[in-house]
Amino acid sequence: MRPSGRAFDQLRAISLEPGFAKYAEGSCLARFGDTHVLCTASVEERVPSFLRNSGKGWVTAEYGMLPRSTHSRTDREAAKGKQSGRTQEIQRLIGRSLRAVTDLAAMGEMQIKVDCDVLQADGGTRTASITGAYVALHLAFQKLVEAGKLSAVPLIDHLAAVSCGIYEGQAVLDLDYAEDSSAQADSNFVLTGLGGIVEVQGTAEERPFTRDQFQTLLQLAEKGVAELVTAQKKALGLE
Amino acid sequence: MRPSGRAFDQLRAISLEPGFAKYAEGSCLARFGDTHVLCTASVEERVPSFLRNSGKGWVTAEYGMLPRSTHSRTDREAAKGKQSGRTQEIQRLIGRSLRAVTDLAAMGEMQIKVDCDVLQADGGTRTASITGAYVALHLAFQKLVEAGKLSAVPLIDHLAAVSCGIYEGQAVLDLDYAEDSSAQADSNFVLTGLGGIVEVQGTAEERPFTRDQFQTLLQLAEKGVAELVTAQKKALGLE
Amino acid sequence: MRPSGRAFDQLRAISLEPGFAKYAEGSCLARFGDTHVLCTASVEERVPSFLRNSGKGWVTAEYGMLPRSTHSRTDREAAKGKQSGRTQEIQRLIGRSLRAVTDLAAMGEMQIKVDCDVLQADGGTRTASITGAYVALHLAFQKLVEAGKLSAVPLIDHLAAVSCGIYEGQAVLDLDYAEDSSAQADSNFVLTGLGGIVEVQGTAEERPFTRDQFQTLLQLAEKGVAELVTAQKKALGLE
Amino acid sequence: MRPSGRAFDQLRAISLEPGFAKYAEGSCLARFGDTHVLCTASVEERVPSFLRNSGKGWVTAEYGMLPRSTHSRTDREAAKGKQSGRTQEIQRLIGRSLRAVTDLAAMGEMQIKVDCDVLQADGGTRTASITGAYVALHLAFQKLVEAGKLSAVPLIDHLAAVSCGIYEGQAVLDLDYAEDSSAQADSNFVLTGLGGIVEVQGTAEERPFTRDQFQTLLQLAEKGVAELVTAQKKALGLE
Amino acid sequence: MRPSGRAFDQLRAISLEPGFAKYAEGSCLARFGDTHVLCTASVEERVPSFLRNSGKGWVTAEYGMLPRSTHSRTDREAAKGKQSGRTQEIQRLIGRSLRAVTDLAAMGEMQIKVDCDVLQADGGTRTASITGAYVALHLAFQKLVEAGKLSAVPLIDHLAAVSCGIYEGQAVLDLDYAEDSSAQADSNFVLTGLGGIVEVQGTAEERPFTRDQFQTLLQLAEKGVAELVTAQKKALGLE
Amino acid sequence: MRPSGRAFDQLRAISLEPGFAKYAEGSCLARFGDTHVLCTASVEERVPSFLRNSGKGWVTAEYGMLPRSTHSRTDREAAKGKQSGRTQEIQRLIGRSLRAVTDLAAMGEMQIKVDCDVLQADGGTRTASITGAYVALHLAFQKLVEAGKLSAVPLIDHLAAVSCGIYEGQAVLDLDYAEDSSAQADSNFVLTGLGGIVEVQGTAEERPFTRDQFQTLLQLAEKGVAELVTAQKKALGLE
């Protein structure tokens, strides 16, 4: 029995609200239950120096948590003067994942910076970030298409992410904080709309897990991501 | 004629939404038109070292802007590794203002940290922050009273803030970004419910202003703050 | 009765010593009683990037305190690795004030950096800084005129600053440390030679102050600044 | 055909040299071909504050690369004033992996810090680090047992790591730099002596990979880790 | 012929002005020609952690230059967020030198922090700093003796410093900036009143120097330090 | 009697192993007894900005210690976010010393960065660093000559360094950690193959030393450096 009463293969209530931020070229407030992440995509003309005059574009991401997004207050990274290792790990993951489905050559020499800021955190902030970031990025590309700066949205597939874990001996989908903090194993899967694997991060918390358990988690993730992609399409008006 | 079509002494549409953040002891989403600030109040047992064993409490504030709260993207302070001078100036102002209406001795040895995070910025973020921060702080104190940890809310008066300025030769109330960026003078007033002055910050942008002009700005601010205090009382269920 | 025995509207002994620093294009040791600030103005050819090819110049300021300028030793900011919020607030104020009386277009594309370093601190370091900085800036401009690089000193008015406050219920001019640390309210006024208001910063320390009290403080400041401007003119050899 | 001429399931020449560092309680120079990592384990009495008076111990890791360990020189992190996101990600991975096979309660209230410093880098530095770190940690525990401070080595299983990837369409084991820089997918597996999964990190570089490909990579890793564990046992004199 | 017209073994005009800073327990404005350094000694009760409960005291030093102490403006270290290697090297030298003549056991468990801040720099700032720092330290100890906190000044000898160098082939005493910037070799000597060597730092700038040249520099330094010690005694009222 | 049993004028076992690092243009593992320093020289096309278009080259150095190179673990500078004053002092010394024997004009506009990383520390790491750095630098220059980028190695003399000190009243050569930590005086000498003095750093630890003692230390250093230069020539295949 999960603390939330969900079935083992049930996502939390998912909401992807496009256009939440007025000024960003693309934005999405992604809600996975009580986890709320504001994702914005900002178009910049300037690419990183290693891409200058390459004709290629770049997509990168930054991640942050509001100090009181968490159950008890977390110190503000700007005040501490540095981003934690966890923050850097997550923002590198988001950027890498988005680039895996972006045709960087087709986007031409421009850069899109995606900011994922956690307004409220109840577990799974990185997977909600990736899922919302994809929507924000897609919207920014649509705007560039509408403005005649791109001929088509240079995304080669859909992309969403979900966590799975072993909670009280049972494989479950989309862990919330209550489950995450006592799970035996925790994995994050970033998958494409066609089912390809973009990123897998599995961590045994208490004791190692087996190849079969891992297989089960991956299957759960495939089910969850399929549902998330459906929600993305709806939010993007693609269906 | 103001860009927004407002009368010279008219506030933007004001909304103070209490309880926006689920985990904070007190919270308020303050909206002054398109300026949206999420204010949370977090209760901590630990006071700063200069107050240990003094029996007195402390209220402090931190301020931040999401990178794409602004019309074009602003660099993330956590990534740059330091808070700007502007950020520090604003958070010091918020903290000082809140302490001016708090009975620190009555609150006993505890600390409340108020975080003001700008989700969207269209001018006047510091005055919206102070106005929302007061609500979040009041709610946190109410919660402590309900929990029997305080006998009464240790706030000695209401507190709100508004900006005024000279825009195209005319004194106007509650500048938005379009006005702020071309105003001749810009002043921020932090006033109490009873009309006392807590903080005044006046800055001549283009040319010095006169004593009479300053007087006019203060009168506008008194009108604006009175309306904001009414909105606060409604949000707090005090009327 | 003030601790120093001064009348309520009496400045401390003022001394503005031009040319204190041998190498700077302009310099002034400003003494307001036991508060001593060394102000230097350095001319640089390079303007900030936002002004390149604009034909306009820039004036900026930095502020610091020697570790043992204060009654007890203060940690050195260079050793701590960052400037405090207070330092940044003050140096932003000094720069903004100086720019308000400088004709940036007339100065052409060059930058003047004014450094205000407190050798000894007995209250009012920011107002002594601004008052001395104006002299240093004026001297640097004079030198540029003498060198034929400018046709006239591009300053549109005189500028000086003074603090006023409510000390033991009485409005007094130019607070020293003994008064400042127990004042009920403390305001800094940056005014021009013609009486215009450039910056006003009023802070209620213990309890809010009234509009009338504020009015009284402004009148005291006008008297004080008039005397400071007279001293500046003498130091600059303009009378 | 692999650049090195190795078979698809062949490790590089592996060498685990215990006791390389004279002063550390445990140390190992791990060589995976031209990748050389010096791993040291340092015993400290002081545990992190969240474990004080818990009776439990802690194992943590730090990672660094000498500036000219790489093909072209990399900037020194100490000179830049911060560790990169990549460095932090790797050292968090090493620490988490080691803790997964350590009985923290059995080790009692002490801390072991494992430093992994890359002397030469030809791909796979994180997997060589983990494999060598385990040896250094084991040696430090042995020393504590010999000194009578522990009754047995508190490690519940062996632990080693290896990378696998898709190189020119072929799944291969233990990528070197030439392969890594052009691989289609790259995965790191941290496995135990009994075959349990401790960490999995899979990243699609160019295009997503399939569930079957991932399965193949895992099988290769199981083969590689088995060989690494054999080498560890030999280095530790356990066989 | 030296640029200043001095004889090869002639110091610049030396002035040691005690009590320059009003609040410090000991202070001295040291002038070596146009090099002016303000030295203050601050007594603190708290010793560094490695000396707690040892019964011993500590003397340490910090060094800084005002941005426009130099011929052209130098960036402010507090603004850059770190002290340069040169600054750290100099402040370590000052502290080490002072400790060499202090009886740390006799001073008991207290700390004296000496700040050397360069108001104007014309070469030889580190030697002027040490010479003035000794006076400030001595005065602070005298104050502690007068207050009955120490029975005698715990300084075992006098201490002063001077630079010597090879300028246009000639060994000269007390280099100023014009000489220093083109000297073939530059050495700093920290010597005691009795002629003992506390620190020697010799650097060949253009080409190596010989053992005989070095000998000559040391003799010049002995002459210069003897004169500086005489000036110190006079400033301290010891003769 | 020295702790190691060495004669007063005897170096530790010296080993200079060229080519230790595979990728660097020049490298040397320098061993002075149990002190082991890995020195690498990296050629870069880009010179510091003050040398651009000057036709001159530059040699610079960085220094670091592995955290467990020392008897007990030292905090990692990259993790602390800054290099210590000691580190900066040493790396400035290494760079300055190397430049003193390099014909910067003859090298042309390129830069060589020498990294000295201490793998194991038993005293005298800075002198081992300089001695090994010279070998690495020479090898890098040789490689440039072989590649036809330079016509000859632009080094005007050999260069090596050694420490001497007064240990239990006796002048001794090449202090190890046991001696260094209780020496009365400690001096580092950087000398050329022809006997010229490049750098001298003498520090009295407990009490000042005399001119005669200093003379004796210098003579010991001359003997030691002569032996080190012989070892360098052998390592470089020059004899």
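Letters A, B, C, D, E and F name the chains as they come in the text, with residue numbers starting at 1 for each one.
Rule of thumb we're sticking to: a residue touches a chain if its C-beta (ideal position, glycine included) is under 8 Å from a C-beta of that chain, and two chains touch if they have at least 3 such contacts.
Because the structure is predicted, anything quoted here is derived from the model rather than measured.
Undergrad: Show me the overlap between the contact partners of chain B and those of chain D.
TA: The common neighbours are A.
Undergrad: Comparing centres built from CA atoms, which chain ends up most distant from chain E?
TA: Here the answer is chain A, farthest from chain E.
Undergrad: Rounded to the nearest 5 degrees, what is the angle of the rotation relating the C-alpha atoms of chain D to those of chain F?
TA: In short, 180 degrees.
Undergrad: Which chain has its C-alpha centroid farthest away from the centroid of chain C?
TA: So the chain farthest away from chain C turns out to be D.
Undergrad: Please work out the Cα centroid separation of chain B and chain C, and write it as a whole number of Å.
TA: 28
Undergrad: Could you state the distance in Å from the CA-based centre of chain B to that of chain F?
TA: Taking the average C-alpha coordinate of chain B and of chain F, the gap between them is 59 Å.
Undergrad: Could you tell me the distance, in whole angstrom, between the mean C-alpha positions of chain D and chain E?
TA: Distance between chain centres, rounded to whole Å: 51 Å.
Undergrad: Considering chain C alone, which of its residues make contact with at least two other chains?
TA: Within chain C, residues 81-82 contact more than one other chain.
Undergrad: Which chains make up the ring, in order, starting at chain A and heading to chain D first?
TA: Read cyclically, starting with chain A and passing chain D second, the order is A, D, F, E, C, B.
Undergrad: Touching chain B in the complex: which residues of chain A?
TA: Of all residues in chain A, those touching chain B are 21-24, 27, 34, 38, 40, 42, 44, 62, 64, 66-73, 76-79, 81-83, 87, 113, 115, 117, 119-120.
Undergrad: List the residues on chain A that touch chain D in their complex, please.
TA: Result: residues 82, 85-86, 88-89, 91-92, 96, 100, 157, 187, 191-192, 194-205, 207-211, 213-214, 218 of chain A touch chain D.
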